[in-house]
């Protein structure tokens, strides 16, 4: 196989991340995220998002972030609202339910919820015979590669505040979203409009790790207890924070995300020029073109990607580019595609 | 402070581990532990423990390993047996109970359970008004730095098989245990005598990560579902397995553990020569001497360590050496101690 | 208000039930369902359903029956399949999720699942990133008052066996279902086609109580442990079993269900004659006619019932008759309705 | 067997309870505890305990009361403190752990905790690596038949308030306790000194049912959601409240408890006169005499009771009298005992 476009977690880590880890040398540090690296990385996060009093915690992966945050925010009878395509509903093996909570869903569009979806779920859950929705889960960017605009996120945020709902934004691909031309939101906007979110490292240059950011005061209390109980409090917290120090330094995080987006846009442009369309708007590093099955069967021998939906003579397939995708591979792909169409 | 003997997770990682991560370069690999690095590291583990059909899974930390393994083995009404000092009972914020299961304890000695402890817990739980013990949790080495001998582990193993109990060994410090002069167990013995255990990386040279080894066939089935649900299935599984490849290669893992033990033994020897004793037998890299409070108040300014128990004029304190502890720091410590006594 | 048709749990209990409780007098009995009344009532259940080796357990209510049965059948990562209208999905405040399990739903028709619904949910859940469906939950009769026929239940049963799924039938209104002219299933058929079900007492003459019937051997083991853990093992088990003895004796259970059905059918006939239709086929004691809003606003002052769905000038409303509904109240209702139309 | 002294839940119900149920006739009532019977019984409870703003909820049994109350009061990482003999720790099959919470225990004396026990558990749980105790569970009377005095309960209550702990009193045998000569607490005292407790019906004349009383405002909110989720919200709430109306009327509840106590005291007096002692002070309807094994082997053929602890030639055995124990049976027992000694 020439190259895999299956996902953006298929390369180990950016050189600067590995160098930062090496640079620690034999320095000793405190355990469980109380070390100076973690304190400094926390400061860097707070600065990046212009939220000086936010709580920042580093965990090893997205599912662990999602289940720890959501279960920490809910009383037993409370539930989370998510789009049907939401990662917590579709691809986390019932991790939220395993903490005791129901996920209430709305269909959504382009992986996004809107304020109306939320309102109608809230008003449907009217009494003690039903769960009580208390937190809204959204992803930025979404499972379909799309982004919430400032107007959209503001609408959701207002709807949440009105309905006494926390707003949680899964930022596994936050870099790709914020650096999308379709997105007019800054990190500071996101911190201001949500109660809790995370900045994904795993899919944007880090070896592993996500930075959970808690904006709402009532969610901050005793969060480390929740982390420890769920196995999310790494003994060597520095192992993650040193990485965040590296990727947040000198704009690397956004640079890497821009690169990933640019590679996807170049692919998309080539596909469009060849006369083919997309299942969802092209906005970030995840694109879903609809291509002829015949061409796809040739492509499959050369490149890795996932099937999304099979139609009659065509199929929608998912391509994801990453911070590490070489432009030459994109060019090669487009050349090979042209030969197969 | 001159040096911290607080724990063995206070240095980032062995150089060879970081080099191995760097050596991956831009190679692409499959996600979720299905990559070639993970397959190879799994093979290396199986070879090391002489258990060719064991299941091997890499997770990010000890609490996550413990809660995933234990909850995967139990039906809702079943419980785990542990010594009172067991990490799952004392220092994991109710992580096991959060998965729905009671931890039944026996006092134990030197952090160890014996077959009689287990028998009496089993016979006490006689009907459906009580939980049903189904898995035994022990640590090797224990929270007091002690080790099970082959005779002891065999006794427990036979007791478990007789009573239809799984035996789970927490190996956060397995290297220190196996390389202890007090321990006549090989890795192969441990694999043969337990149903599931883990080989700790975090405390023995790795940046982070533990290798769960499943020996009993009925515990293997669908274990990846359990991992995913608990947030323990890292998207970049290779991030751990590449490290295990490095520490298991050329005997590095045992070499590092031996070093940690040797440093502790040197400290212990010096303390003993100075006329002081220990709360528990000195067997691995964790020692608990009983020293005069006056000397300790001086030591505290120079070295990091934990209080264990305060007596009248003396106190028991915990020192832990690591794979990275320089011998010079031990020498310095003994010199300073001598000056304070 | 003249009469409430809101539900079938709004009268205390059939006289024979209360007489049976009184007849116990000061007789002493064993605790926790191990008494002779419970043994005898268990026998009566087994006889009624022609399943001599079924396990029979009495619990106080439907939600407790549902959550105890479902959680007893599942490993942590396994899930239940239910129709969207299913009581466990809609009206039990996340009781199933609180035991750690996801409820996967299909839209269904008339509150019923079909084999195709199940197949497509099973095939959609393909790997360890998703829960694994393991039990199917259906209600007989359904939340819309409809019944599975023998052909339908056989189809589901075969589909379950093929896909390694347990089949659980919620029989809160089993009497109404089995005694429906639309239903060609006997109690014995239900026992033969399902793995576990319950016979509802609360809604059919008992003061309270449901009889859980376990047909599949592997679900029988240690079920009392599950019951005790969930608070479902009543100290005075006889308090329920004495009631089941009374309602199962001399055909009373079916007689009461037939009466409830007959009252509903009479209401339905009158409504139909007046020219109005129904949202779902009229098959049991729960009917959902669509009536003019103007007439409904008059009816509301005289009778209790629930709104189902509001249309333009009409609305669908739910009427439920019970074992205790006097025919005179139905006559009065139809007379009043005629006056309002 | 002549008579069983095994427990106080071995007779069906007091005649007045069954008559009250019969007196309901065909009256229709609202579902889920919103009916007039429940409202009135709630008022009667509030009046009895002189707590006009207490929340009152009726549930079917003790384990269900315990698990619903405790899980409703706790965040995921919080724990309950109980004596080792506490029913929730010993005889509820891990029901509390199944809701996700650890039970921290102190040895206690006569089944009782004291303020010091609580203080030392609280101070031991010092950081996020351990659970955070948040509610104290005690029983009145205890599993050994003993009672907290006003001074003792006041001490515990003050300790709880000081340490930000809720105080929950399991009153399965509250009648026996309050009516014990060793107890100087009134129902009003208990309401004033605890945050939540329950008044046991099952063991004191009711067919089944316990009345949960919530005194602390923050525990009242949304309690019905918790009840519904745990299967504790009976569709026919009136089935319990009608019973409480009957047993709380005209002092019947206390009268029945006094009778049970008197029967036990008579037994105890006879045993004492015969020269035998007790494992615990004789204070309520549960007594644990130490008798010669030889006499016991004869007694066992005539009377039902439980073994508590076997010594050399003697054994401690548990006798429980109930509201229904005929005095003639006690006389007969003492006569038979005399013949066997």
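For clarity, chains are labelled A, B, C and D in written order, and residue numbers in each chain start from 1.
As a working rule, a contact is a pair of C-beta atoms (placed from the backbone, for glycine too) under 8 Å apart; a residue touches a chain by one contact, two chains touch by 3 or more.
Values in this document were obtained by computation on a predicted structure and should not be read as measured data.
**Student:** Per the definition at the top, count C-beta pairs in contact and tell me whether A-C or C-D has more.
**Tutor:** By number of C-beta pairs in contact, C-D is the larger.
**Student:** What's the farthest chain from chain A if centres are computed as the mean of the Cα atoms?
**Tutor:** D
**Student:** With chain centres defined as C-alpha means, what is the inter-centre distance between chain B and chain C in Å?
**Tutor:** 51
**Student:** Please tell me the distance, in whole Å, between the geometric centres of chain A and chain C computed from their C-alpha atoms.
**Tutor:** Distance between chain centres, rounded to whole Å: 43 Å.
**Student:** So what's the Cα centroid distance for chain C and chain D, whole Å?
**Tutor:** 33
**Student:** What positions in chain B touch 2 or more of the other chains?
**Tutor:** Counting only residues that touch two or more other chains, chain B contributes 76-77, 92-94, 98-100, 128-129, 131, 225, 228-229, 233.
**Student:** Provide the residue numbers of chain D that touch chain C in the complex, in ascending order.
**Tutor:** Per the stated touch rule, the residues are 3-4, 6-7, 9-13, 15, 18, 21-22, 24-31, 60-68, 92-95, 98, 202-203, 207-208, 225, 228-236, 238-239, 242, 324, 326.
**Student:** Can you list the residues on chain B that touch chain C in the complex?
**Tutor:** 32, 71-72, 75-77, 99-100, 128-129, 131-132, 222, 224-229, 233
**Student:** Under the stated contact criterion, what part of chain D meets chain B in this complex?
**Tutor:** 76-77, 79, 90-94, 97-103, 128-131
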